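Structures follow.
In the two complexes that follow, subunit A is the common piece, with subunit B as its partner first and subunit C second.
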Partner chain A sequence: MTPSPQTSIRRATGTRATRVLGIVTLVMLGWLGLFGLVLSPADVDQGDAVRIMYVHVPTVWLAYLAFIVTAVCSALYLFGKRHSLGFDRVAGASAEIGVVFMALTLISGSLWGRITWGVYWQWDARLTTTALLFVTYIGYLAVRGLDGTRERRARRSAVIGLLAAPVASLAHHRPR
Partner chain B sequence: MSAVLAMRDAGFILGAYAATVVVIGGFALWVLRAGRRSGELVDDEEKYWT
Partner chain C sequence: MSPGRIRLARRLAAKDLLIERRSRVLVNQVLPFSGLVMVVFAFALGTGGVLERAAPGLVWLAVLFSSLSTVQRSFGLETADGAMESLRVAGVDPIALFLGKAAALAIELLVLVTVLLGLAVVLYGTEPRAEGIVLLVTTAISATLGLAALGTIYGGLAAGGSGRETLLPLLVLPVAAPVLIGATRGVEAALGTDRTAVSEGWPWVGLLLVFAVAIGVGGALAFGTLIED
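Here is the complex of A and B:
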């Protein structure tokens, strides 16, 4: 049954541009699978394990980008003249994206580690700081769910969003 | 397809790709459902995105 125009409007969630972006994303995900699993050759050193890097590296960079957006929007909320709640909402949405992609980073990284090192996890500086970053932003999202007025929640979330940024920097510039 | 399944450690590699697709797809569906719920709270005339 075809939905009525009113139903379509009531249920619509995106613009024409975001729908096109969604379709492009699906096509690119298909291309990623084709390139990563079929077309690209195995690496000389890593063998087929390198194929995991084609999903692992983009997910970690996207997570970093999302956390940077969270920090910037937190600063704009805290130090801006209008204390716009729009910045707070973007910060929260961006942190959700960052946590999802950081989870993917940890999953794909542990699968790569199982092939390369023989174990899923090692408590070295690189993995530990990445796990700490993941848990930090889960905490940030938990704080966003606490009671209080919108302004109070936005203020304390912005403070934590700013304090969490150095953890992201630590995870990226960890000792190698 | 057989070449993909025949590669070394195929289970771990395909698992990483499957996890990526499933998690991103699940997150996208969650966002769409949350957006629809929020959209129902807004008057149709104010939906600048439609």
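Here is the complex of A and C:
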């Protein structure tokens, strides 16, 4: 059986660098799993629930980093001289990563809260703003899905990406 | 800001308000809807002290939900017969367009807020106090300005058919959270809900004003890009 034309022209997008990065990541994930679940002792106060923190804290930092990258790339696209679509693609990809990791943060956080506080959710400022940030970037991704040429989509998304960042930070630093 | 731009913004706002005066959509549809939302809240929460305590938040929730219809109506006018496209092609300054639409929306929302605060007195038994009136009015105006600017930015983006209308709540509601929180706390302090002092409301007015200015400036600069298709 001969391969279909689509199969024959499909090219791998990986490079030597991304493959090495992937292998290093997998090894580190295994190492983290071993340390987090087996080698490290349970916490004096939180018991085994502390192991959720080994996932929860990195995921929230990664999500924030991804949203910062989205804002920076949106600014670079809008205000850069060449209006490079590369920045738009990085902004979009970074927002997708941010949304996935923010979802993981919310899920792992609520599981930790159920064990520690007895409830999945508490209406404190940090949790609420985190949930709002999550929904804001879901909206950003929805805007990216709107019709139009690539340039128009990029300009629109860059504006929304830039507007989302300070508003989220304003909500985070509110008084009281 | 140039006098020409201000004059143009004023004309655009007057045009929107004239259309509203003739069509009476705010009076005949949005106000009854927001009144209904207030009544439905009462059904859901039951009578007693809960309603009175939650009244400031319920008023602003009803304003927020009703503002979505008002924004959709405001931009529906422009897209129905390609008016926005005509304004763009005619070279109308996007900043003036943003300011005009936002000003008209702010006036409409201010009417809505006034009616809903009055309804809260009648339906939820809230009692305004004399020393909180200045705070109440300042909170209402600053929150309305922020909501109008926000609605204009995202209304411009969500107008234009092909399933964009459903985007509006998803975009507006998370970003409007600081307004909802600030306006609720401001009105709570003005009314003295839970024995809150009037002085506790002013930091929230500060937050509302910062929000309105930030969104207003950002929106004025970004509006041209958002409505270009």
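Throughout what follows, the second predicted complex is superposed on the first by the 155 of 176 C-alpha atoms of A that agree within 3 Å, B and C clash if a C-alpha of one lies under 4 Å from a C-alpha of the other, contacts with A are read in each partner's own complex, and residues count from 1 in each chain.
The working rule: a residue touches a chain if its C-beta (ideal position, glycine included) is under 8 Å from a C-beta of that chain, and two chains touch if they have at least 3 such contacts.
This structure is a prediction, so every number in the text was calculated from the model and none was measured.
In the superposed pair of complexes, A:132 makes contact with subunit C only, with no contact to subunit B.
Applying the stated contact rule after C-alpha superposition, one finds that A:152 touches subunit C and leaves subunit B untouched. In the superposed pair of complexes, A:36 makes contact with subunit B only, with no contact to subunit C. In the superposed model, B is the one of subunit B and subunit C that contacts more residues of subunit A.
Of the two partner chains, neither subunit B nor subunit C is touched by A:80. When the two structures are aligned on the shared chain, A:55 is found in touch with subunit B, with no touch to subunit C. In the superposed model, A:143 makes contact with subunit C only, not with subunit B. Touching of subunit A by both subunit B and subunit C, each in its own complex, is seen for no residue at all. Listing the residues of subunit B that touch subunit A in their complex gives 3-4, 7-10, 12-17, 19-21, 23-24, 27-28, 32, 35-36, 39-40, 44, 47, 49-50. Against subunit B, in their complex, subunit A makes its touches with residues 6, 8-15, 18, 22, 29, 33, 36-38, 42, 47-49, 51-52, 55-56, 59, 97, 100, 103-104, 107-108, 111-112, 114-115. Considering their complex, residues 128-129, 132-133, 135-136, 138-139, 142-143, 146-148, 152, 155-156, 159-160, 162-164, 166-167, 170-171, 174-176 of subunit A touch subunit C. Taken in their complex, subunit C has these residues touching subunit A: 153, 157, 162, 164, 167, 170-171, 173-175, 177-178, 181-182, 185, 203-204, 206-207, 210-211, 214-215, 218, 222, 225-226, 228-229.
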